[in-house]
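Shared between the two complexes below is chain A, which pairs with chain B and chain C, respectively.
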Partner chain A sequence: MPNLLEVRDLSKRFTSAGGPFRKARSMHAVNGVSFDLPERRVIGIVGESGCGKSTLARLILRLIEPSGGAVTFDGDDLLAKSPAQMRKLRARMQMVFQDPYSAIDPRYTLIRAVAEPFEVQGVTPEKPMAEEVAELLEMVGLNPGLATSYPHQISGGQKQRVGIARALALRPSLLVLDEPTASLDVSVQAQIIGLLEDLRAELGLTYLFISHDLSLVKYFCDEILVMYLGRAVEALPDTAAPARHPYTRTLMESTFEPDPKKRRLIAPLEGEVPSPFDLPPGCAFADRCPNASGLCRTETPALSTETGHAVACHHPI
Partner chain B sequence: MASRSLDAFARMSIGRAFASGVGMVAGGFLILLVLVAIFAPWIAPFDYAAQNLMNANAAPGWPHLLGTDEFGRDVLSRVIHGARTSLSVSATAIAISMAAGMTLGAAAGYFGGFFERAVMTIVDLTWSFPDILIALIFVAIIGPGLTSTTFAIAIAYLAQFTRLTRAQIVRLKRETFIEATINLGAKPSHILLKHLMPNAIAPVIVVGMLAIGDGIVLEATLGFFGLGAQPPTPSWGAMMSSGTAQLFLSPWVIIFPGLAVAVTVIAVNLFGDELIRALDIRDRLRGA
Partner chain C sequence: MLSVRDLGVAFGMVQPLSGVSFSVGKGETLGIVGESGSGKSLTAMSVMGLLPLSGGRITGGTVEFDGQDLTKLPERAYRKLRGGRIGLITQNPMTSLDPLKKIGPQVDDVAKLHLGLDAAAARARTEEILGTLRIPEPALICDRYPHQMSGGMKQRIVIAMALTADPDVLIADEPTTALDVTVQAQIIRLLDDLVKDRDLALVLITHDMSVVAQTCDKVVVMYAGRAVEHGPVEAIFDHPRHPYTQALIGCIPRGLVEAKRLTGIEGTVPTVVNYPDGCPFHPRCPRAQAVCATEPPAFSVAGDSAAACHFAEVAHAEPA
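On to the complex of A and B.
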């Protein structure tokens, strides 16, 4: 399969202006992340809160302007696009947001919210709008009778379904899922994940799935990119691959095992995540890593791609 | 579809504002007042400018229910026509102020940066001048009259509307649905007009409603000092001013226009409070 998305050395540095009484500070939210996403594949981006995974999603969609790097979507260099070209392209790359509760304008009825993508892109659907919206609502498992409801009248899971219907209205090829289930009840999470799986098979979609939940990512994704403090530290080519980075291993070990006989002692991670404002030299994980050596504290390991299972570590497992 | 949902919200809230006893009385009075202002020429029993020096300073009675002033003009007719002046000047001024303030505030909040700082600095500057001084500047430039009064009131309230709108837009801009709509490929005009403004407008309208009350007081003040409506145009402020001369001889000349100002402003404020409660936006009015 050809690559739908190619991300090269993507970076974002946020800077706060200095003043007479404080120093200018800068924070590397995303630091040289590269990966390829072939068509119809699902890549999972995992990492703990604040590791830059949501920022990465927004950089790829150019909702935030990157400080450096390149994003190629279906052969098009996104960062070279004018605002007008970008607006048109957005129809093909959509996003489902983490917080369904504020993802719909509270003054919009569902029919208006789901019809908005067509209005915004100036697209007239083949069928009458009401019919088109009803079909979209049915596709995401909602009763079309809800079309005239307001967002406050429906549940969180239903709101997330509306968000998915909005994202799918223009038949995108890429769907970025930014923790689409993180603010939902567990039972509802399973429904949404099931829906996303069905839609992918039905519409041939490519997913970029962001989550802090490694077991969910392992279940849902074809390959996994692990992030730590803005950097990609490991790229697992498939979900069965054993962890090679100590951080990934800790993440995997900390997932809950349903079978009590298979449970083992979880070695908790020592130490604090360093402040992203003043990153220590060397590997950002060194202070928390059991295998850290002197080299780790002086030299940042690069993501080596020799074996097809890339890892950024001086002492991989 | 846009206006339909907006209307539904507005109708619901205004209905709720009328639902309480206070809201009903205050709102009812205001509707009555607007009707009186509109139909003043047909309601007023006498010509507001007709002088009758033989019957000057007549006490309230028949046929002059509220008495006559120093020129023998019917006070009731002048108060009724005064409602027209007060309400139209105040409402026009606030409408201008709201339109300008919402545009400036929305642009400042949406675009941010240097533009925002420039707009907010200029707007805050207008706030640092006393209202009367602003009025005097306009009187000096275009002479006394209702045009000066209108512009003075409009400038006096510009900062309030600008700051309030800006605060709303800045708050709303961070909502996920704005990012989601940008990601659909929406133009800035769509974001501003279809999402940000409709969600920002309710508190601005309520503050506008309350400001009409303050505008009436300011109009009366300017009229009192002779900077507003010029004779023989009846204005509550100007009437009170001429009434001071015979405060003890014929107090009704000053009392009735004064009462009209007071009752109107109280009604506007009470109804405004009910609207704030009905729309549930008390917390959103802070910081403006």
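On to the complex of A and C.
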């Protein structure tokens, strides 16, 4: 399959304004991230809170402007597009957010929420709007009768389905899913994941799936990108691949199996996640890494792609 | 050590909790697991005698600790027990920490109150406890304010406070839910060690079945304010007998172990104002019969485990 998405050396620096008592500080929320996403594949972006997953998603959709790097979507260089061209392209790349409550306006009925993308894009659907919305609601497993309900009348899982219906309205090819189930109960999470699997098969969608839950990512995705403090530290080509980066191994060993016969021995982990501001030189994981050497504290390891299983580490496992 | 029988809780006219029973012994970890709103925190608050604070009351059942029924304990006596022989850890460490006070004095206060120690002895106890929890440089930490520490470190301090008076029972209500997985694993390891080394009885409340599988000896599964199944952890995972427990296990992604499709459960968890009559799970249960909508099921016991289901035996016969 050809690549639907190519991300090269993408970076985002945030600067906090200085004040009379503080000096201005800056941090790399996303730091030189590169990967390819072939059509119809599902890539999982995994990492702990604050490692830059959501920022990466926003950069890819160009909802925020990068500090450097390039994004190619279906052969188009996104950063070269004008705002008008970008708006048109965005119909084909949509995002579903973690919080189903923030994504839809509480004042409007669901029919309006689902029809909104058509209005924003100035697209007239082929069928009458009511019919189009009913079809979209059905596609995500909602009773079309709900179209006249208000958001407060439906559950969190139903709201997340509405979020997905909206994202699907303009028939995108790429869905960026930013922790779409993180605020839901597991019984509802399982419904939503099942729905996403069905939609992918039916519509031939490509997903970029963000989560901090490695078990869920292993279950749902074809390949996995592991992030730590803004950097992609490892790209697992498939979900069975063993960890080569010490951080990925720590992450795997910290993820429990839902089976009392498979208890883990939890190795003590020294140190804490360093502050993302003013990171010291070298590998950001060095203070917590059992393999760290002198080299690790002076030189930042680059992501080496020689073997098809990319890892950014001086002493991979 | 701690034994809860048929506990019921009401707020005015609503009854969000009923028929909850479990027991936990020294050196044992009991897991209470359930989805949001199933009554896990209310159970913890009942045991801690904290319901009156939020306007709730115990309507039935007993909470037996070391031979006495805590539901009849006057508040004065309860105050000695809380933070003394029974410790509590909550999800948000800042509910237990004073943001304006340095860590050292906060932990010292527990030793002064419950162990009657003077300032110097209390500080020695604080540093000892922080050391046992493998908190680096206790003396330095004592001089910090909560906002100068990470979430995981704050949670460790809360655990230290709960352990200062050397409790017999520790109730941990989602102690790791707000934390990153690598930090969660460290806290879980810490709690496990404490149960083994100090013969502590631990009640671990969580919505995460994987955490239960990793740490617990026994499990209570809650749904809509009721305990629906309880038993040894292996039984709950290998032969769940209640349809809800079975369905819940079918919802957990197992990564590669079994790449089989997650089943999910139709519908949503009911809220306290619309708890169904009869069996609380009947609107979502694939096995429900007419009787389930009217008659609350009693516990059907098999070996060490029990399931509140009219058709629990049938459920067991079918492959989970």
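Everything that follows uses one rule, which is that the second predicted complex is superposed on the first by the 314 of 317 C-alpha atoms of A that agree within 3 Å, B and C clash if a C-alpha of one lies under 4 Å from a C-alpha of the other, contacts with A are read in each partner's own complex, and residues count from 1 in each chain.
Simple rule for what comes next: a residue touches a chain if its C-beta (ideal position, glycine included) is under 8 Å from a C-beta of that chain, and two chains touch if they have at least 3 such contacts.
Quick caveat: nothing in here was measured; it's all calculated off a predicted structure.
Annotation: superposed three-chain arrangement on chain A; chain B versus chain C shows no clash, the two fitting side by side. If you count the residues of chain A touched by chain B and by chain C, you find the higher number for C. Once the two complexes are laid over each other on the shared chain, residue contacts for A:172 go to neither chain B nor chain C. Judged by the touch definition given at the top, the superposed model places A:69 against neither chain B nor chain C.
Within the superposed three-chain model, A:239 lies in touch with chain C and out of touch with chain B [touch as defined at top]. When the two structures are aligned on the shared chain, A:263 is found in touch with chain C, with no touch to chain B.
Once the two complexes are overlaid on the shared chain, A:44 sits clear of chain B and of chain C alike.
Contacts of A:180 after superposition: neither chain B nor chain C is touched. Aligning both complexes on chain A leaves chain B and chain C separated at their closest CA atoms by 21 Å. Overlap of the chain B and chain C interfaces on chain A: none, as no residue is touched by both.
Within the complex formed with chain A, the residues of chain B that make contact are 1-2, 5-6, 9, 175-177, 179-187, 190, 195, 198-199. For chain A in complex with chain C, the residues that touch the partner chain are 48-49, 155-158, 185-191, 193-194, 197, 212-216, 218-220, 239-240, 250-251, 253-264, 266, 268-269, 272-273.
Within the complex formed with chain A, the residues of chain C that make contact are 35-36, 134, 150, 152-153, 180-182, 184-186, 188-189, 192, 207, 209-211, 213-214, 216, 233-234, 237, 247-257, 259, 261-266, 268-269. Interface residues of chain A facing chain B in the complex, by the touch rule stated above, are 61, 63, 86-91, 94-95, 97-99, 102-109, 112, 116-117, 120-121, 163, 166, 170.
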